[in-house]
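Multiple structures follow.
Paired with chain B in one complex and with chain C in the other, chain A is shared by the two complexes that follow.
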Partner chain A sequence: MSIETRSKFQLFPSHEVNPSPWPIYMSFSLLSLGLTLGLLMHGYILSTWWLILAISVVISTIFLWTRDIIIEGTYLGGHTIAVKRGLNIGFLIFVGTEIMIFIALFWGYFHSAMNPSIEIGCQWPPVGITSIKPTELPLLNTIILLSSGATVTWAHESVLSRNRHNALLGLFITTLLIVIFVLCQICEFNSATFNITDSVYGSIFYATTGLHFIHMIMLSLMLAICTARMYVYHFTATHHVNLETTILYLHILDIIWLFIYIVFYWWGC
Partner chain B sequence: MLRQTLKLAKPTRLFSTSVIARNSVKTPKKFKTAKNLSEVHSEYDLIGTGAQKGEVPTDLEQATGLERLELLGKLEGVDIFEQKPLDTSRKGTMQNPILIDSYEKYRYIGCTGSPAGSHIVMWLKPTVGKPARCWECGSVYKINYLGKD
Partner chain C sequence: MTEYKLQTPGFDARFPQQNQTKHCYQSYLDYHKCVALKGSDFEPCKVFWHTFQSLCPHDWVENWDDEREKGIFPGDLSIDQFKDKTEEKKE
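Moving on, here comes the complex of A and B:
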């Protein structure tokens, strides 16, 4: 390759992104979602249509932003080895912040549970609270999550060994398992005998399991995107950052769930 | 105030003209995929052949653009982005400076002496006309200009 040809291409491996409307668009749509949720839950807004509007704006922004990243990475080839490493490190740091959020919530739980105050009857769970039995739906949820970890590993191994059929099947089953988990959680939240306003127990319980629940919804979206991208031949055997980050996310949420199960459902019942 | 804002916000190009602009670009319908670096002449040579039906593609089949250029370089053992550190086996002198390949007319150089790490980083800016000399160890760096003009 001549020097003249080389000078036609970018000289450095980093990816210079174009001006994009999505960050500011995403910020405002999330602000709208947060405000709507808050106002709706405290009875300042009475119509859920505003919530549906806010959620659909968030989802459409996710869709458009992801589309742009896919164009830059898969179709224009902007993701060189250095960029891929940067994306992976960025996601790792993001996962670190997630773990810190959950550590804070666990801290809050132990603070209230290990030395129950006089107001809640000096016992944990507080007087009058019937906690959820760990051997019922939560155990099923744990089994579902652990098996989703197995199927996603199978899917990843299949991608690495270039077996498209198994990869698609593995990703599809994983998505399905996560969706089942989300449905089971909705079931559990609906049939629980306490709610978020019932003492510190209800507050910390729903704050933590609810946050995990929201993450699982996000994870099912990410897995669905991965399955679709696998189906349209976006992932190569060695370049699939989207899949790698999704798998990391799944495993981290698995581990956090195990801690939630042990502490919130088992130890704290 | 509002009029000024509207004037600023007026799009430089309408959506309908964007389509005309997009269609006027002469993108070839068929691509010649470069097998190695010497066959690369333009960005259109850097488009992979695509995946085989029913298989997970490899990078060599599917990568495009800069990613493919890097991959082709790797196959030949060429570091396309020249990320290796500069030669620190000797000190550059005015007669025999350390040459720095560059497509720009200046570069920023971080000198840590010879051997590397002998002193803290000193940032230098050699230009095409003027080599730079480190004020800590006296090593000289000169631009080896590879650009056109």
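Moving on, here comes the complex of A and C:
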């Protein structure tokens, strides 16, 4: 009996979650990561090994938590229609918070750029800042992201129409495109003539593009996990919450990048 | 003895706000561009001088003067774009 059929016979379709240590583990490991980053950047901690330790704890917690969710969902069949709805709503709320944080950063950018203060000479970009040309690497990045949106749609359609080969190929190409985007961004950050300490321009530029960059690393990990799960037959044509949330995440980051490209690279240069 | 006449800058439609920081700063820029272009004896430059002297706190002006000496003033004091126009007019 498939999960889908079984869920129809359940009187109480929500599964009972076993007591899990991972939420509190995750909270403390993220607190540790944040504190370590802050203390390291301001010179209170001198060894980067603490940072590597904090990141290792975060990543192992992600791994173990994800493992538990996969066991509950795929192997124990706990993800009924009601649970799937809950997971999707949860992810939608998460995406909402992501949009809000980027809105805050855009607000900061417009505040500084539309009426530049006298401290930076009433000019945007400030004197001495050579902004990145929007027709070079950022344009390539935009094209890469738009293509990844197309390939992921192809992969999704293939999953829905039960075409395993095309789904795997689509997911693999999408992962590759996102990895290329991340590498291009590393190139761009390395070759930029200004850094995060160079006036409000550098601060707001790297705060926003850097946050988007970290999200893209996360997205490439999520896509890699989806590709692997597709390969080991975790997804069916009707049940693939992981894939759906990853696709939603990709599209949201795609749209945010378009706004970053238009505002930060084009309008603000 | 001549009677002292208090002169403060009047309303400028570019800076309608109560906060006149930008008005002060723009006058400072305009004065130094004007002097660089026309020399310190050029009478019309005085209006910019009066405006920023009246509106800007003195420590700001001292700070900006220091920055200009050190070559780290962030404002745009380039006059090349105006030079071409004056030369064209002369011709």
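Keep this in mind: the second predicted complex is superposed on the first by the 258 of 269 C-alpha atoms of A that agree within 3 Å, B and C clash if a C-alpha of one lies under 4 Å from a C-alpha of the other, contacts with A are read in each partner's own complex, and residues count from 1 in each chain.
Simple rule for what comes next: contacts are C-beta pairs under 8 Å (C-beta built on N, C-alpha and C of every residue); 3 or more make two chains touch, one makes a residue touch a chain.
Because the structure is predicted, anything quoted here is derived from the model rather than measured.
In the superposition on chain A, contact of A:S47 is made with neither chain B nor chain C. Looking at the shared chain after the overlay, A:T197 reaches neither chain B nor chain C. When the shared chain is aligned, no partner comes close enough to touch A:T97: not chain B, not chain C.
Using the contact criterion defined above for the overlaid structures, shared-chain residue A:H239 touches chain B, although it does not reach chain C. Here chain B and chain C are compared by how many residues of chain A each touches, and B touches more.
Of the two partner chains placed by superposition, only chain B is touched by A:G78; chain C is not.
Using the contact criterion defined above for the overlaid structures, shared-chain residue A:I118 touches chain C, although it does not reach chain B.
Touch criterion not met for A:N18: it reaches neither chain B nor chain C. No residue of chain A touches both chain B in one complex and chain C in the other.
Partner chain B is touched in their complex by these residues of chain A: 1, 3-13, 74-82, 158-159, 162-165, 167, 233, 235-239.
The part of chain B that touches chain A in the complex is made up of residues 37-38, 40-43, 46, 50-51, 54-59, 61-70, 80-81, 83, 103, 146-148. Those residues of chain C that touch chain A in the shared complex are 21-22, 25-26, 73-76. For chain A in complex with chain C, the residues that touch the partner chain are 118-123, 126-128.
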